[in-house]
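Labels run A, B, C, D and E following the written order; every chain starts at residue 1.
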Amino acid sequence: MNSRRPDDAPILQIEDLSVSFSTATGQVKAAENVCFKLYKGETLALVGETGCGKSVVASSIMQLLPNNAHIQGRAIYAGRDLLSLSEKEMSRIRGSEIAIVFQNPSLALNPIMRVSEQIAEMLQVRKGYPAAQSLELAGEMLHRLGLQGDDKMRMYPFQFSGGMNQRVMIAASMILSPRIIIADEPSKGLDGALAAEVMAEMARIKNQVGASLLLITHDLNLARNISDRMAVMYCGEIMEIGESEEIFSLPRHPYTAALLRCLPERGFQPIPGPSPSMIKPPAGCKFHPRCPNISEVCRRKPKMTRVEGRGTAPAGSESEIREVKCWRY
Amino acid sequence: MLAILKAVDVGRVYESGLIFKKRYAALEGISLEMEAGKTVGLMGPSGSGKTTLGKILAGLERPTSGRIFFAGKEIGSMSGRETAIFRRAVQMVFQDPEGSLNPRKSIGQSISEVLSMLKIPGRRWQEMTGEMLEKVGLSDELLCRYPGQISGGQCQRVALGRVLLLQPQAIILDEPTSALDISVQAQILNLLKDLQRDLGLAYLLISHQPEVIRFMAHDTIILVQSRTS
Amino acid sequence: MRHNLRNLAFVLFLSILILGTACQGGEESSKVVLKIGTPNVVKSASILGDSNMGVWTHLSNPTLMKMTEDGKIAGLTAKSSEVSEDGKVWKFVINDDLYWSDGQKLTPDDVQFTFSYLRDNLPSAGWMKSTIENISVEDNAVVFRLSKPYSRLNLEFATYPIQSRHIWEKVDKPMEHTNEGEIVGFGPFYITKTDLDAAVIYLEKNPYWKGQAPKFDALEIHTFSNMDVLSLALEKGEVDAYYKYAGTYPYASIQKLKDTDNFDFVETDNIGLIFLGMNLQKEPMSDKEFRKALSYAINYSEILKLDGLGYGQVPNAGFVPPSMMDFKETEKLEYNLTQAKSILEAAGYKDSNGNGILEDKSGKDMKLAFLTRNDYMRTTELVSEYMKALGIDSEIKTVDSSTWIKQKDAGEYDITVTRSTPWGMLMHANWGTGYFDSRRTGEGVLHVLDDPVFLKLCDDILSSTSDDQLKDYAYQLQDYYAENLPAIALYWNKVETPYNKAWKGWYSDPLYGIFNVDNFLSVEKEQ
Amino acid sequence: MSLTAKRASRYIIALVIIFTLNFVIPRAMPGDPLTNLLGEDVILTDSSVIELRSEMGLDRPLFEQYLDYWHGILHLDLGYSFHRHSPVAEIIFARMKWTLLLAVPSLLTGGILGTILGALAGWRSANSCQKASTAFFLAIYCTPPYFLCLLALYLFSFKLDIFPLKGFYDTGSAADIALHLFLPVLVMTLFSLSRNYMIMRGSVLQEKSSLYAAFARAKGLYDAEILFRHVFKNALLPIITLLAMDFGFILSGALFVEIVFSMNGMGNLIYDALLSRDYPVLQGSFLIITLMVVSANLLADILYSRLDPRVRWH
Amino acid sequence: MIPDATLCASPEIMPEAAECPDENKRQCCKREYSRTERISMSLCSAREVLRMQKMSLVGLLLFLSFVLMAVFSEELAPFDPWMRFEPYLLPGSEHLLGTNDMGNDILSELIYSTRISLFVGFAAALMATLIGTIVGLLAGYYKGMTDEILMGITDIFLMIPQIPLIIVIASFLRPSFWIVALLMGALWWTSTARVVRSRTLQVREMGFVQASRALGFSDLHIIFTDVLPNTCHVIAPKFLLSIASAMIAEASISFLGLGDPTMKSWGTMINFAFTRGGFINGYWWWYLTPGLCITLFVLCVVLMGFAWEEQERTNQRLE
């Protein structure tokens, strides 16, 4: 685990990001007023249940959303708003500045291209390296991720297991030493142990290249193990953000608390009530229909509020140390 | 107490290739017993034959070696009627909750086709469906919806409810919650526990999550990676 | 990108290949060439095996006799012919100024060889085996001794091209002998090349031809597998004239050519005709009254107008068209539905259940099997409609010609529309008898008539050698047709052969149309 | 190994069955090969009919003929055509070269241009230029082939007088042949192109939405780079099998082009043979076409496995 | 050149190897998306679908008007198409498209011909779809030997030179529209069979089929209520495309003179226009209009088929 340096200016700053899609049944609000900062070298986990909009956030940063998505807000990277870049400009940022690791690695790799070529391709296209050299570098990268040997270089994705493909994806994302890596549910489809192993390697390399990691996952334990900070999303909104350990030990938002109670080690206590609709979310605090300590005020929209935590960061530093979107604070 | 379902030294070998046969042992020498009101947990890495074992126990696949007993009788030597009773008494619930319902059938249709298969007179359908929905904690407004329109948790409840209509004695649960969010997982696991308590069901719970097994199972079997020969 | 470029390069390479070869020019020539376009496609360069190829050799290998414009038989390779009193000995005196294109002289020996060769080897000349006993050369003549009287040998001999002994005696399987190169001939032109790929047959002047000199240098026969394209080629001037064996230029396309003002037409009365064939062996067609009624039910002038586009005339009951020798004016066929109905009524065909369809003698609704080929579809439609008006239902079965022949031979039909060709009309005992005599078989032949009166008439004609007697038989025959209606002529049509006005001097005989020696000696290009 | 063996055995079984069908079908047809052999108004005597039948081997038991047929195939002897008075193999090879000259350039240009244009159209489906070309090729795709042939002939050869009306050549020079072949090849190319265009477009549209294409974009590849580095080859895979199947269609399907342009190729040969019940030629040409289709399929299989490592591996 | 392959030619034709053969691989191939992703993906193609639907709407309207034309021929046609006027009349106020060689009103003929032409298309497509679906379902559902044999047969049918065979058999049996339709159906089921098979292979491994099997439903019940409804969406576009190819083939066969000239269809109209001087005299209203009708009808069917396939592709992304 990497200790963050909160004094640094954020490398990526998401401001008021809202994404919605229009469908036949209505406007789906996939993300609403999402704000967070990603600092250099840190790992920020964006956690939440299926359908809470965490992947949409990642895709909109990369401008990988379909062009019919309505995106508002800003994603400031190196002084530029990524959301306003043209496709051509964006393609220069993708991969070399900001890389993304998809879920479903076995589908995300080109099935009829050798894995080594898929990694080396980046060097050839973006850096203009000759084929031999780039293949060599790709091999090195694979080696670092525990896939050594010439035979591995000549393999195709279908010959690899999901875990191995995930490593290939990670290698392809990291080959150009990007400054930010976004990992979108990288553990999905992998066994618990394997997921941990892959993530550990990912974290290691991330540290080696000095990149920041935005980890998007529904796996709370994974997030806890890897991330420095954690943002909990519910129904398109960030409910709580703070240091991972702290959130685990002292969840402030009722949703975070309820979610944690569902964990096996905490006794599988289910959250009452059904998940909210993304098209017509509850007014006010979106969690209020399921919240155990609901009050009248919850029908209005709460604001993100800074609360004092027991965090390691010096008080008053610029980072959001612990913010909760709940009227109780 | 007599085991509802008993497996003795069960193995399963797959063969592939027309001329040059490749043999692949998915399962070797497994024995277990399932008793009413008890849960057997089954763990193991992927590819260790957990699902295969589940299918063999549910009578969906035949073992290549070993024997399976249902209520003390070996299933291979059963008469047609007995087999039918066995097939009905031992049911299986699958991993993918949304996939286990036909997307082109409404929930109501999916339920009523089971009732019609059981040759239950139409007048009792409504009553039975109602009872069943109550058992699994669903409201009847769901009946006219399609699987795509309900959540994964609800799907899994419907799948479970359909199985319950057959009044089984034992249910093989193949990773029933692994595709679900943790909040839903908690709901389903609790529901399963309640049902076991109320109906005295025997479970074989297949899962890769030790916490789930720990939470549910009375006995645990751990499979190791099987070998290719 | 790499694939893209490679693909692009490949395309470029191909197009360069095609274009590069396209830059060489063709040679100019001042030869006057007559180009004939035809739909009679040659399938193989076998002059004895391929029937169309056989037609083209009529110019290079003229027949022994020819048919003149007025249908008489005259000598061509033979100077003259005579037949013995009993009709069993024929003598043909051969011209002695004919030379093969390789310089050798044509001798009676060649003629003798040709016919004994054909008799022994050619399946379609099988009749010779049973008819010709002996062929001998006497001075400059060839003598045929027959086993039975056959008065029409000279006509038969207007259809067999003479082949050279010195070429063919080395060939044992004449049907299988193909030759795409030069074919030695003794006519004014001989075939120099048969190019099946270009679909052209080339003929050049025979350097040893001693007769009247042709007025142009070479002849090309262009074959087209699509009639429309042939018409376009005419209009465009790619070919100068049209020829189809036993056929006319499509009437519907004539006006278009006339409009161009570049074309004239050789118009001749066809010896062949379109007729309604009937299965005389089966009810109800075996009933003369029924046939008679049918003949009144047909609107001849409408068929002539719609199918023949007016190029012809309403036929007589006597079947034989006026262009044939010894034509007798029988009663004109008439469209009279009331009369048709009353004849039927009188013959006992009634519609007792009132559904508009007559019942046959057993009381069932009558439904005739109307066998037809695509070419005669419109006529079939019309006839079927006329029959319907008479209360006779029919089921139209359209088949291809192979199937037609098969089903016709098996008698699996009641009624059919077909045509007769000039040669078909002339063959056997002339005047169309070959189509009806039940003792014969052949592709277009109906062979349904076994009436002894008719058969005797045929035999009499075959053994008659006197012109007057022949005329008498011909009249009897036409009366027989008119009385018994073994077939109903639908219309007597005209053969229209378009030619470019730049060429003149066209001449056509009833048998082979413009494809005869005299025509190609007379045709010349206007300067 | 076992996969190849399996495929090969499948092909062999298919060949045997097709060859047998090939023997049976013409014989099951009504009409006699003797009909149409001699001309419309020729009279045959019964004895010469019998003679001809025995010469053509038609009088022997069917099974014997069948054995003979196989014997012939195995000795590369396709029999003798009594209608064309030559050995069938000779006729077919004479015709085949022309049909190939017609078909191969059409297939190649159609295949190459079709896939490239189709890929672009699928990739940039929103573009109005692509829309127009899609509409154009769709229209061609929906037109009966002979109709297009005749219209092309009427317009280019007759009205505009650019190309000759018929045949493979007049003088026989390469330029002349190229001139004659241009229009037929163009029409056939258009057909082949439009089909490949449509298929490739669909294929690319499908592949476009695949995750690996999205990942390629995420990796920073730009537009055409994604198309030609990743999507194109994947989208091409299904086309290869189709091209192989096309091959047989083109060979026999040149029929319309050949009839309209009066070209003596395989299509016309088959059509004629059919109308005249020329069994040996029918059999021979079906046989050759089947062989070519099967070998094209085999070739496609091989090519496929070269392009798709997944096939090789399993 | 041959229309069928054009249409049978959809990308679904892939060798088996593309499908994952063993359990593990299949899992790797299975696409799993979270709900939001499904939504966002469905949206991403929403615009595309909308555009496609606009085209398919045009197709549908055209299609319906052709169907209406076939149903209400009597009412729509100005004359009885068998009624004879002067032959070869040029288009005029009385006869909008003139008259043909028989003096039939061409417009009426055109309208009446819709019936037979559509009938042939539908009958052939129905037949092809029926056979193809059954073969595909059985092969895909039972796998193993059944699959081997059925796909072997499919291969054979694929490799037979089809158009010549149709011509052979069409001339063998006497040409009637029924025969032509049935023949084309009997020959062109292969592509449908392949598509249905590969889809069935997918569906049979889906949870609900397994669940149905576990619940004890019979194979027949599963095939017809679980598998078939979930393959319908790949069958339907195939059906439409088969209609299109059957119509083109019918026209082609008629052109060769092997159709049924006693019935009025667009193909026979063109055939007569060509054999009776319509083409050579430049009576375009006689040969071009039925040609256009064929092209237009095939076009609208193909448009609908494509739109359907497109939507299918979108849906597949969601599944």
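By definition in this document, a residue touches a chain if its C-beta (ideal position, glycine included) is under 8 Å from a C-beta of that chain, and two chains touch if they have at least 3 such contacts.
All figures in this text were calculated on a predicted structure; none of them were measured in a lab.
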**Study point:** Required steps from chain A to chain C (each step between touching chains, minimum)
**Key:** 2
Practice item. Moving only from a chain to one it touches, give the least number of moves from chain B to chain E. Key: 1
Check your understanding: By C-alpha centroids, what is the most central chain here?
Key -> E
Point to revise | Between C-E and C-D, the pair joined by more C-beta contacts | key: C-D
Study note, to complete from the structure: Relative to chain A, largest Cα-centroid distance belongs to chain C
Point to revise | Centre-of-Cα separation between chain E and chain C, whole angstrom | key: 45
Exercise for review: Compute the distance, rounded to whole Å, between the mean C-alpha positions of chain A and chain E.
Suggested key: 47
Study note, to complete from the structure: Whole-Å distance, C-alpha centre of chain A to that of chain B, is 35
Revision key, fill the gap. For the pair chain D and chain E, the C-alpha centroid-to-centroid distance in angstrom is 21
Revision key, fill the gap. Among chain E residues, those touching two or more other chains are 24, 31, 41, 44-45, 171-172, 274, 279
Study note, to complete from the structure: Multi-chain contacts in chain C, i.e. residues touching at least two other chains, fall at 228, 232, 399-400, 402-403
Practice item. Enumerate the residues of chain A that touch no fewer than two other chains. Key: 50, 104, 107, 158
Revision key, fill the gap. Chain A residues touching chain B in their complex are 49-50, 191-192, 218, 220, 258-259, 261-265, 267-271, 274-275
Revision key, fill the gap. Chain C partner, complex, touching residues on chain D are 29-32, 35-36, 38-49, 51-52, 80-86, 91, 94, 98, 105, 108-109, 112-113, 116, 150, 153-154, 157-158, 161, 164-179, 181-182, 224-225, 228-229, 232-233, 258-264, 268, 272, 275-277
Point to revise | List of chain B residues in touch with chain A within their complex | key: 45-46, 151-152, 181-187, 189-190, 208-209, 211-212, 214-215
Exercise for review: Provide the residue numbers of chain D that touch chain A in the complex, in ascending order.
Suggested key: 210-212, 214-223, 225, 229-230, 233-234, 237, 307-310, 313
Review point. Quick one: in the complex, what on chain B touches chain E?
Key: 16, 46-47, 51, 58, 60, 84, 87-88, 91-105, 113-114, 117, 159, 162-163, 166
